[in-house]
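Two complexes are shown next, each including chain A; its partner changes from chain B in the first to chain C in the second.
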Partner chain A sequence: MREQLLTDFDKIISDSKFSNNDIEHKRKSLNKFIENGFPTKKNEDWKFLDIGRIIDKNIGQLDFYNNYSSQNKIDTSIFVKGLEHNKIVFVNGRIEKIDLKHEENNKIEIKEESKSINKFNNINSLINLNNALTNKHYTITTKSGYSLKKPLIIYHSTTNSIYKKNINLRLDFKLEKNSSLKLIDYFYDDSNDNFLNIFYSFDLAKDSILKNYKIDHKDNKNLKYSYNHIDQSENSLSETFILSSGSSYLKHEINCNLNEKYSSAFVNGILKLDDLKNHEIKTNINHLNENTKSYQLVKSVLGKASKAAYQGKISVNSIAQKTDGYQLSKCILLDKTSEFNAKPELEIYADDVKCSHGSASGSLNEDSIFYLMSRGLNYEQSKELLINGFLLDVIEKITDSETKNLIKNTLGLKE
Partner chain B sequence: MLKINNLNAKIEKKTILNNFSLNINPGEVHAIMGPNGSGKSTLSNILSGKKGYEVTGEILFENKNLFELETEERAHKGIFLAFQYPLEIPGVNTNIFLKTSLNAIRRAKGEKELDAIEFLNLVKEKAKNLKFDEEKLNRQLNVGFSGGEKKKNEILQMSILNPKLSILDETDSGLDIDALRVVADGVNALRKKNNSFLIITHYQRLLDYIKPDFVHVLINGKITKSGGPELALELEKKGYENFN
Partner chain C sequence: MREKEIDILKDYKYGFTTDIENIKAPKGLNEEVIRFISNIKKEPQWLLEWRLKAFERLKVLKEPDWQKPKYPKIDYQELYYYSAPKSFKEKPKSLDDLDPKLLETYKKLGIPLQEQKRLNGIAVDAVFDSVSVATTFKEKLTEKGIIFCSISEAIQKHPELVKKYLGTVIPITDHYFATLNSAVFTDGSFVYIPPNVRCPMELSTYFRINASDTGQFERTLIIADKGSYVSYLEGCTAPMRDENQLHAANVELIALDDAEIKYSTVQNWYPGDKDGKGGIYNFVTKRGICKGKNSKISWTQVETGSAITWKYPSCILQGDNSIGEFYSIAITNNHQKADTGTKMIHLGKNTKSKIISKGISAGLSDMTYRGLVDISSRANNSRNYTQCDSLLMGNKCGAHTIPYIKNKNLESNIAHEATTSKISEEQLHYCQQRGLSQEEAVGLIVNGFCKEVLQQLPMEFAVEAQKLVGISLEGSVG
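Let's turn to the complex of A and B:
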C-alpha cells in the first residue's frame, strides 16, 4: 500500500495548485497515515467496525488517485423531487454542479481555499488520509443574519466507472452570526467496492443554526466514513439527523464542541440494516461551557446478519455547570443473526449537571404482531407497521417539516 | 357457524382445554363463565390463531377447518377477538390502523376498499355511538389510553369491522358502570340474525346488559354445565365451587 500511496500522492500534487506550505502539510499527514495505516479493531474506537479488515477482505488494493480533469455526466434523475432546493453535485468525488438559485446573491459563498488545512491534525488516521489526499478544499459561508430560503442538498453520487477507488472529500462550513443553514447530504451510489472518506467541519457563530440531514438509503457495496466536526459559539444550535441504511459499511462520527454558553446539539439517527451490512454512529459531545445542552436518540432495526453500533460519549468540562446531556438508544433485532452494540460513555467533571443515558434492544413483540394480525393484517404488514411505529418518534425529532416528509417517503412510511 | 369438537390444548405440556366442545349457531349469544385459570383466554386465543399451543380436536367455522387458517385469514372470514388486554402500539396512528385493518378485510372479501372520506364518515358515526372521544383516534393506538378507553376501542374496532363471530375476552373487567353500558350497547347494536357472540367473563354483571342465549360454566378446561341466562344468576349466588 505504501508504494501505491506515495505514487498516487505525487500524481495528486502534480495535478493541483497547492502552495509549498500546503504540500508540506499534506505530506506530513500522508506520512502519519502511512505510519498508522487504516484503523483496526485493536483501536478501541474501531472495535465494532474494523475498517482495516473490511478493506483487506472486501476491497483489496485501493487506488488513491482520481483523475479529476474530465467532467462526469450528471444523472438528473437522482435529484430529489417535490422539494425545492439548492444543490451541489459531486460525481465520483468531483464537483460537477453548484446551483444556489434560490438564494440572494452574496449571502452564501463558496470559495476554494486551503486556510483550514492545518487545523485538524491527527484526529485519527482517516482524517490524516483525508488531509493528505483531498485535491480541493472548499469553504461554504452563510453570511451574517442570512437564513437559506431552501435547503442545500449535497449529492454524493458515484457511478460504476469507479472501482476500488478511495475518494477523499473535504468541505468547511462557516455559519456567521445569526445565520442558518439546512444541509442535506444525499448519497446515491451506482458503484461498488470503493472507499469514500468525507470530512466536514462546521464553525457556528453566535445565534446560528445548522441542520444537517444525512440520507444513505440506496443499496450499494461501498465503504464510507463520514466525519463531522462541529464548533459552536454562544446560543448556536446544531441538529444532525442520520438515516443510515444503503451502504455495506458506513461509520458516522460526530465530534461536537459546545464551546460557549447556551449552545446546544441534537443528534438523532436511524440505522436500518439487512444483508450483512455493518454501520455505526459514534458521537463525541463536549460540553465546554455553562448551560449547554445535548440530546441524542438513535434507533436501529437490524435483520439478516447485519450489525450496528452506537458509541455515544458525553464529556462535561469542569466549568460546564448546568449542562443538560441525554442519550438514548433503542434497537429491534429482527432475527438471531443480527447484532447490536451500544457503548455509552459519560465523562463528567462538573458537579451541577444533568446527564443520562439508556440503551435497550430486543425483538419485535409477538403479542403485538398477533394483535395486528387478528385485525386482518398479514405478518409482513404487521411487522412493517410495528417497525415504522418504532421509528416514528425519532423521525418526529426532525424539525424541518419538508425534510421530515422526504425521510418518511424515503423509508416508505405512509400517512 | 362455529363447531368445536373435543378440543384439547396444551401449553408446555400442561393441559388447559380438555375435550372441550361447543356449538354456536348464527345469531346466538353464548357466555362462558369460569374462574381464573379455567382456560377462558386460551380458548379465545386458539380461536384467533395464536401460536404456541399444542392442539388436537376440531374447530369448524362455517364448515372450514380453522386450524388451516392463519390469524389474519380468520379475521378475513369474520372472526374478531376483543382482547382482554389490548396492546399499546407506539407510533401507529389509531385511525390509520383502523383503515388498514378494515381495508385488508374488505379486500380479502372482494369488497371495494374505503377511501379516506368514506372511512372517516364511518368511523365518526361508530365513535359517536360508542361515546368514544374522536380526538383519541388521532393518537397512537392504545398508547396512554385508560383501561376503559382501551376496551371501548376494542368494541369500536368490532363495530367497524362488523364480524360474524365476536369473541369478547373479559371485556367487562376494569370497566365502570357507565362504560359497561356503552360497551353493552355497542354489542347489542351488532346483534343480528347472522352475527354471533362468545362472551367470556368472570361475572354475571355484563350479562345484565347483554342477554345471552346460552351460558356455559368452564372449569378446568371443560364445560361442566350449560343452561340459559338463569345459570349465570345461579353461579353468582353459589360460586364456581358447586359446579365442579
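Let's turn to the complex of A and C:
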C-alpha cells in the first residue's frame, strides 16, 4: 500500500498548484498516515468497525489517485423531487454543478481553494489521509443575517466507472452571525468497493443555526467515513440527523464543541440495516462553557447479519456549569444473527449539571405484536407497524417539515 | 521525576517500610524468588510449575494503560515478594504512636479500643481474645463439612480441590496484574462449601486466625458445591494500616448447580493524605463463574479507601438460568481515583444480571464507572438491567461513565441508565431547616442515594458502612 500511496500522492501533487509549504504539510500528513495505517479494532475508537480489516478483506488494494480533469455526466434522475432546493453535485468526487438559483446573490458564497489548512491535524489517521490527498477544498459561507430560503442539497453520487478507488472530500462551512443553513447530504451510489472519506467542518458564529441531514439509503457495496467537526459560538444551534442504511460499511463521526454559552447541539440518527451491513455512529459532544445543551437520540433496527454500533460521548468541562446533556440509544434486533454494540460515555468535571444516558436493546415486543394481530393484522404487518412507530419517534425530532417529509418518503413511512 | 515520586511514596508513613530483619525473599522479581516462595511454603511441584508458567507469560505481557487513573511507573524489581509476618517489635507500641486523624475516625466509627489496637498490629492483651472466638466458629463449620482456611493450608490439606479449581476463573494467561499474582501470590483464603450445605454464618477473613499479613498478593478461592450457600465478607470499615503500597489480589468464585455465593467487600485502605501523597494502589482482579444451572453470584462493594482503586468484579454466567448481581458504592475524596465497575458475560440461556452502581466524588478526585454487558448469541432470553448514578460535590472532581453494551441475541434485552447530579440546594436547605448541620445533612442525603446498595450488605456491616459513607465525605462540602 505504501508504494501505491507514494506514487499516487506524487501524481496528485503534480496535477495541482500547491505552494511548497502546502506540499510539505501534505507530505507530513501522508507520512503520519503511512505510519499508522488504516485504523483497526486495536484502536479503542474503532473497536466496533475495523476499517483496516474491511479494506483488507473486501477491497484489497485501493487506488488513491483520481483524475479530475474530465467531466462526468450528471444523472438528473437522482435529484430529489417534490422539494425545491439548491444543489451542489459531486460525481465521483468531482464537483460538476453548483446551482443556487433560489438564493439572493452574494448572500451565499462558494469558494474553491487549493491551499492546505493546518487546522485539524492528527484527529485520526483517516483525517490525515484526507488532509494529504484532497486536491482542493470548498468553503461555503452564509453571510451574516441571511437565512437560506430553500435547503441546499449536496449530492454525493458515484458511477460504476470507479472501482476500488479512494475518494477524499473536504468542505468547510462558515455560518456568519445570525445566519441559517439547511444542508442535506444525499448519497447515491452506483459503484462498489470504493472508500469515500468525507470531512466537513462547520464554524457557527453567534446566533446562527445549522441543520444538517444526511441520507444514505441506496443499497451499495461501498465503505464510507464521514466526519463532521462543529465549532459553536454563543446561542448557536446545530441539528444533525443521520439516516444510515444504504452502504455496506459506514461510520459517522460527529465532534461538536460547544465553545460559548447558550449554544446547543442535537444529534439524531436512524440505523436501519440488513444483509451484512455494518454501520456506526460516534459522537463526541464537548460542553466547554456554561448553559450549553445537547440532546442525542439514536435508534437502530437490525435485520439479518447486520451490525450496528453507537459510541456517544458527552464531556463536560469544569467551567461548564448548568450543562444539560442527554443521550438515548435504542435498538431492535430482528434476527438472531444481528448484533448491537453501544458505548454511551459520560465524562463530567462540573457539579451543577444534568447529564444522563440510557441504552436499551432487545427484540420486538411480543405482546404488542399479539395486540395488533388480534385486531386483524398479519404478523408482517404488525412487525412493520411497530418498527415504523419506533423510527417515527426519531423522525419527529426533525425541525424542518419539508425535510421531515422527504425522509419519511424515503423510508416509506406513512403519516 | 518518576523516581522522585516513588521516593516520596516510600517515605510515607503507611507506605513501604523495608527495614525489617525477618525472613524475606530477595528483592526483585525472578524465577529464584518464585522458587523461594514456593519452597518456603512447601508447595507441591505442580503449583511451582504453575507459578513459573505464569511468570513466563508475565515476561511477554505489558501493563495495561487504558485506565483513567494514571500512576507512577512501578519498578517490580524493587519490591519484595515475600516476607514473613512481622514480629510485634517493629509495630507501633501503643495508640499514641498513631496518626491522631486515624484515631478520630475510629472514634466516629465507634470501634472499641482493643479493636483499634488489633487493626494496627499492636499487641493485644488476653482480655480481648479473638482467637477463642474464631475457634468456636471453626468447630461449627467443621461439623458441617465446610472448609475455611488459608490457601496455603488448603494446598497442603486439600490439594485435589485447589488443583481442580485454582486458575479456572482467572487463568494464568490473563492480564498483567492477575498473572503477576498467579506467579507470586503468598496467601489468602480458601472456602469450600459441600453440596446442599447452607453456611450457618457470614464467613469473614476477620475470623480466620492467621488472617493478618497475607501480603500484597492475596489469592482467594471460594467454591460453592451443588445446592450450597455462602456469604463471604472481606475487609473492614475501619481504616487498615498496611505496609504494602501495591495490592494485586485475585479472587475466584465458583458456583456449581443451584449454589449461591454472596461476596461483600468494604475497602477502606489508606487513601493518601489531603495533598494526594501516599496511599495504596488497589489493583484487584475479582471474577466469579456461575458454572452450574440456577447458580447465583452477587458482588457487593463499598469502596472508600485507597489512592487508586481499579477493579471490576465480574460474573461469567455460564450455567442456564444463572444470575449475576453487582452492587457498588464508590466514594472518592481529596486526590483519590477510582476506576471500577463490572463485567457481566452472559453465555447460558435465561441468564439474568443486575448492576447498581453509585459513585460519589468530592474534592479533587476522579470516579469512573466502567462496565461491560455482553450477551452472546447462545444466551437466549437473557436480561440485563444497569443503573449507574453519580453524585458530584464541587467542580474540581470528575465523574465518568463508560459502559460497553454488546447484544448478539435477538431474544435478550439490555437496559442501561445513568445519571449525574449534585446534592441540590433545596435538599440541603430542607435538612438544615430541621436542625441538621450541613455535614449531617450531606451524610443523610448521600446515605439515601446509596440505600439500594447498602441494604444488600449483611446487617452488622451495613450499619458500619453507613457511618463510613458519612465520614469519607467529611469536609467536602462548603
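Quick notes on this one:
Following the convention adopted for this analysis, the second predicted complex is superposed on the first by the 412 of 415 C-alpha atoms of A that agree within 3 Å, B and C clash if a C-alpha of one lies under 4 Å from a C-alpha of the other, contacts with A are read in each partner's own complex, and residues count from 1 in each chain.
Simple rule for what comes next: a residue touches a chain if its C-beta (ideal position, glycine included) is under 8 Å from a C-beta of that chain, and two chains touch if they have at least 3 such contacts.
Being a predicted model, the structure only gives us computed values, none of them experimental.
By the touch criterion defined above, A:Ser361 reaches chain C but does not reach chain B. Looking at the shared chain after the overlay, A:Met1 reaches neither chain B nor chain C.
In the superposed pair of complexes, A:Ile23 makes contact with neither chain B nor chain C.
Of the two partner chains, neither chain B nor chain C is touched by A:Ile110. Residue contacts after overlaying the shared chain place A:Glu339 against chain C, while chain B stays out of touching range.
Touch criterion met: A:Asp393 reaches chain B, while chain C stays clear of it. Touch criterion not met for A:Leu276: it reaches neither chain B nor chain C. Looking at the shared chain after the overlay, A:Ser318 reaches chain C, while chain B stays out of its contact range.
Greater residue coverage of chain A by touch, when chain B is weighed against chain C, goes to C.
Interface residues of chain A, counted against chain C in their complex, comprise 44, 318-319, 321, 331, 333-363. Interface residues of chain C, counted against chain A in their complex, comprise 66, 377, 390, 392-422. In the complex of the two chains, the chain B residues touching chain A come out as 48-51, 70-72, 74-76, 80-81, 83, 86-87, 89-92, 96-97, 100-102, 104-105, 108, 140, 157, 161.
Note for the complex: chain A touches chain B at residues 365-368, 370-379, 381, 385-386, 388-393, 414-415.
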